[in-house]
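Across the two complexes that follow, subunit A remains constant while its partner is subunit B and subsequently subunit C.
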Partner chain A sequence: MPITLLAQLSLRNIVRHRRRNLMLLMAIAVAVLTVLMANTVIRGMQYDLREQTVSNLNGHIKVHAPGYLDDPSIARGFELAAGWEPKINVSEVEGWAARIRIPAVIMSERETRGIQFVGIDPAQESISFLSKAHYDGQPLNTSSDRRIIIGKEMADQLETQVGRRLVIITQGSDGLNREAGFRIAGVYDTEGTAIEKIFVFTGVTALQNMVDAIVVTEVSVRLVDDAFQLSMLDSLLRFFADLEVKTWQQLEPLAAAFFLFAESAIYLYFFIIMTALIFGLVNTLVTSVMERVHELGMLRAVGMRPGAVVMQVVIESTFIMMIGVALGLTLGWLIFQLLPPVLDLSSFSEGFEKFGMPAKIHLRLHVSDMVLITVMSMVFGVLASLYPAKRAVKISPLEALRL
Partner chain B sequence: MSDISLTDGTLTAVAIRPDIKRATPELWGVAWRNITRTKRRTWLTACGIAFAILMMTFVRSLQVGAFIGAVDNSARIMLGHIQLQHPVYEDDPAIENSIHGINDIIADVESRPGVEIVSARAQSFALTSSGERSFGAQIIGVQYEKEAVWSSLTRMQVDGRYIEGPGEAFIGSALARNLGITIGDELVILGTAVEGGVAALVADVVGTYTSGQPELDRAIVQVPLQDFQVAWTLAPDEAHTVIVIAESVADSEELAPQLGRAGLRSLNWRDLQPEMVQMMEMKLIGTYVLFILVAIIVIFSVVNSFMMIIFERTPEFGMLMAVGMRPHHIIIQLQIEALLVCILGIILGLGITAVGVGILSETGIALPAQAGELLKSMAMPERMYPVFSFGALFIAVPVMVLGTQLAALIPGLRLRHMHAVDALRSAE
Partner chain C sequence: MTRNLHTRIDSSSLIWVTIVFSLVGLTFTDRSHAAEADITAKELVEAAIDQTRGISSYAEFSMVIHRPDWERTSSLKSWTRGRKDALIRFIAPAKDAGNATLKLGNKMWTFTPKLNRTIRLPYSLMSQSWGGSDFSYTDLSRSDNWLNEYDLSIASVTTEDDHKIYTLVAIPHDNAPVVWGKEEMLIRDDYVMLQHTFYDQSMEPLKTLETLEIGERDGRMMATRMRMVKLNAPEKYTELIWGEADFDVELEDQMFTLFYLKSGE
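This part shows the complex of A and B:
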């Protein structure tokens, strides 16, 4: 039996029970819409987490001296010549930054805290969160700026403010402690407080002078697109052969684990929602088969093969699913256009920040996810039609006609 | 009353009421027969309802179990279930904001039911040095005999051993690495004692621990409480917190409000682990949203199901109306059928949840080893024991009952205007 004829039959069966099938279509559309919306939130969280991890001084790839990660001291620094930026894969690179990052102790008149003291060249920090942070006071000017900038949370803890002086103690290259006073140029405010509690910044040259070593402890590179990470890693492993080259995933395994976990969360939502849907779908399909016992019996009697009966039910299910999915995706896409691009969850932010997640979610809609949802829904549609199809095949022509 | 002439329109409504009352038990019987008549459809619809109930109650039971497990685990690492402190210590952890008479407090709390063990701590931020290197760290004076019993930190990937006597220190592995210290080395601690005096302490590092939580591994030094009291010039019965370990999280919730009094603030696990409370609320909202969406989809299928029922049984309804049944009787009967299907779904869903949670709360669920790092950072225990969530039950059941009633009513309302003759004719 030609497939076009079967398709025609299936379509006619759907149209015949408009109201009932409309209800089913709405259920499918709501299900698809739900899955799509959950998807935009999960994808948003996933990509925001990556963005945050990359811009938290990690970059896509970071270079250290061997042993620095276990023993982060100035003794594990390395020298960089002028114009050190590698001229590799230039079009893939957004920027490079060389920094010193060493542990230190900071003291105000009232409080003492342990910190990460970071020497930066402000011109290079367009690749990190520093370029997007809000400042009370000013950011640093140059790499020889001798002032410091501290996080808002740190300023609260130390009960200090812009313009005040703080004392910082850290270890010099000879292993002896150095102590120096620094004036606060600005207080930075980022999403989340975890960073604000840890990092204190000054000019890299100023910090080199303090510790008596013309070295840096890390070089970060930020890429134009995440897709370039592997090839860049490969090039850098060769370029910095004596040093340790690591990706953000290696440096922040927790964030990397969450990034992967988000992928399974997307499938999980799909299966929960679709399972809720499948009972109604099977119910409708079985009813529509049982209503047509006469008709199917007749068709069988005049020579329709069991395979064709199965096909007819499968096509019917697929048709309904297809229209429902198209409806759901279109609706989802429209809602996505109407939603604000950033979902603000700051009232729950502490819980998020505990796990390094941002309080604001930049919603994302991927075309590839829409395709994935469509394909998976179709598979579900076919699966849902198997039982009704089996029931349809069981109809014996003789019995059906005798009824 | 039913013998009053029905020609008087004003009396019609009055006349019908006893009629319904009399008929209701029969309606239930007929409804039951009707839903058993179409077994396949009844079961498919009930399964959908059961799935929604199962989704909500089972998932919540897992979540509540996971959270209670994480809260308990976290409490038993370092925080305790309850902490008793000076009223302002939580907001201003200054060395002066201490509590006195800790021995009496401990004796009193330990005598209460539901309490496992109680110990005191004193703490302050100080500079720790070894050789030429210095780092800031939280110094905690502990009653080490007691901490060794309850604090799982003392058993977490320990190199060396836990404190066994005065003059010893137990520190985080990251701090040890940063200080370039190994077991047996001397650690010099310099801090600010009461009234601005200098607190100095030298201790032998006898062990290091790795908890997997960076903030614990990087910045904590434990020393014996007496050593701390001497160095920071505290009195022998003076400390900053009294840590209470209850027999369970539930016990601690009952205990916490009883333990506070004038000059002594009682913090329960919600105060001590606020981020856990927020995570729990976020998960709760997420699960409610998912449940409502699943419920909507299931209710759509119930509407569908009743549309099919009405379509199929229209001739039958026509017959019933022809012999004197009123449209609202038929609607009531359909509502009863919806209720019965819903009850079937609820029993099925709750049954699976009860059996599942019952079994799993005994055996526990082993959490996947691959997620080890992730779970450790969230203080998750290795096995999770679900706890039946009555909260979820009280939400899921009413939502599904009301939802199915509404779902049956939507197509049912058409019957109001149905006429017996048209209905009977539709069979042809």
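This part shows the complex of A and C:
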């Protein structure tokens, strides 16, 4: 039996019950729409998290002296010659930054806090969150700038402000304590408060002078694209052979785990929604088969093969699914275009920032995800038609004609 | 030609000599001016600190921690050596007896007999309260970082009951490890510290150590009752009341050791 004839029959069956099938179409469209919207949010959170982790002074790959991660002190620093930037995979690199990062204690007139004291070259920090932060006051000028910049949350906790002096105590290279007063040049504001509570920055040369060691404790590199990470890791492992070279996934295993989990979360969400939907689809198809017992019996009686009956039901289901998915995806794409690129949840829940979670999500719609949804929906459509098709085949022509 | 050149050199070097001399003269006059004020202010503080210490000292005092709903009195003994080393030990009440703090130079240790442990105080704890009082460890340990980290000046001199009272203002240097905006001290001409006020960097007074009674101990006039109070909570304060005090006493060097801190007495 030619497939066109079967398709024609299926289409007619769909058109025959417009209202019922329209309802089903809407249900599929809405389900696909929700899946797609959830997808943009999950993808947004996933990529935001990666961006945050990478720009949170990690870079895509970071180099430490051996033992620094267990005992982060200036004694675990390493020396860098001038023009130290490795000239490898140059086109894949967005930027390099060398820093000192050591634990310290910061004091204001009223409060004392533990911090990570970070010496930076401001010119290199285009690769970290510092370049995107908002400043009250000003950012650091040069690597010998002896002022500090602190986070907004830290400024609140210390009850201090731009222009004030804070006392910072840390350990020098000889193991003895160094304490000195530092003027606040600026107060930075980032998404979430976790970073603001930890990092205090000054010029790297100024910090080297304070601890009496011309070393850095870390070098991080940011790549143009995540895809270059593996080849870069390979090159760096050879270039910094006597140092520890680690990816952001190794440095922040929790973030890396979430990044992977988000991948499965997308599938999980799809399966939950689609499983709910499939019952509706099966129900409708079974009904439509039961309504046509007489007709199907007649077709069988005049010689239609069971395989053709199955095909007919499968085509019907696939048709409905296809139109529903197309409708849902189009609708979703339109809504995505209308939505602002950044979903700002801060007006709904200030608590987000308190937990250190960013309240802003940069929505993302991947074409690959749309293809994935389409393919998986089709598979579901075919699966959903199997049971109704079986029912249709089971109709005995003799009994059906007697009805 | 040669002679010409010579004269030219001579005249130019003469000008140099004049400039150099006038510069030196300037710095000399400048120095002597600043030095006079500087040394006096510095001397005052040094003398005031030494007044309660001497080359060495032994003192018995009690500490009253006052809160709106309770008050606690402890007895303590202290020994000091020079301006840098000190040992303070709680004698009473029984619950605190034996707790001791040792300061050597810039380092501090505490000893708690109940735990039988000495703890080297990390810098992060230095601004914490000492023994639950309104004094911080920094208040105890600070002594002569004064002299290096501040610009000291005498703001005014007043006369009261046949005594001159100097108002000293100490403004920390820009990079000084000092959180205060300024400190202000009232010191009497016999080196008794009358008041010591700490200002934040918007120049609001935050806390003050004031002398409530003055008396004579071992031939020296000194503050015998002092009260530390945070100005935003005047109902909470800590008082130190001096009992016996001896100055320039013979102290064994072993008193200022970790071993002695632990052995207690």
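One rule holds for everything that comes next: the second predicted complex is superposed on the first by the 392 of 403 C-alpha atoms of A that agree within 3 Å, B and C clash if a C-alpha of one lies under 4 Å from a C-alpha of the other, contacts with A are read in each partner's own complex, and residues count from 1 in each chain.
Quick note on the criterion: contacts are C-beta pairs under 8 Å (C-beta built on N, C-alpha and C of every residue); 3 or more make two chains touch, one makes a residue touch a chain.
Note that the coordinates shown come from a computational prediction; the quantities given were computed from them, not determined experimentally.
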Kindly say whether there is room for both subunit B and subunit C on subunit A in the superposition, answering fit or clash.
clash
By the touch definition at the top of the document, which applies to A:T112: first (subunit B), second (subunit C), both, or neither?
both
Determine, under the contact definition given at the top, whether A:L24 touches first (subunit B), second (subunit C), both, or neither.
first
Quick one: classify A:G67 as touching subunit B (first), subunit C (second), both or neither.
neither
Tell me which touches more residues of subunit A here: subunit C or subunit B.
B
Determine, under the contact definition given at the top, whether A:T275 touches first (subunit B), second (subunit C), both, or neither.
first
In the superposed arrangement, does A:T284 touch subunit B (first), subunit C (second), both or neither?
first
Return first, second, both or neither, reflecting whether A:P306 touches subunit B, subunit C, both chains, or no partner chain.
neither
Quick check on the superposed pair: does A:P341 touch subunit B, subunit C, both, or neither? Answer first, second, both or neither.
neither
Now for A:I169: first (subunit B), second (subunit C), both, or neither, which partner does it touch?
both
Overlap of subunit B and subunit C contacts on subunit A, residues 105, 112, 114, 169, 177
Can you name the residues of subunit C that touch subunit A in the complex?
106, 122-124, 127-128, 172-181, 198, 200-201, 206
Residues of subunit B defined as touching subunit A within the complex
40-41, 44-45, 47-48, 51-52, 55, 125-127, 131-137, 177-178, 180, 218-219, 274-279, 281-282, 290, 293-294, 296-298, 300-305, 307-308, 311-312, 371, 373-374, 377-378
Mind pulling up the subunit A residues that touch subunit C in the complex?
105, 107-110, 112, 114, 146, 160, 164-167, 169, 177, 179-183
Once bound in the complex, which stretches of subunit A touch subunit B?
19-20, 23-24, 26-27, 30-31, 34, 38, 70-73, 103, 105, 111-114, 169, 171, 175-177, 253-254, 257-258, 261, 269, 272-273, 275-277, 279-284, 286-287, 291, 348, 350-355
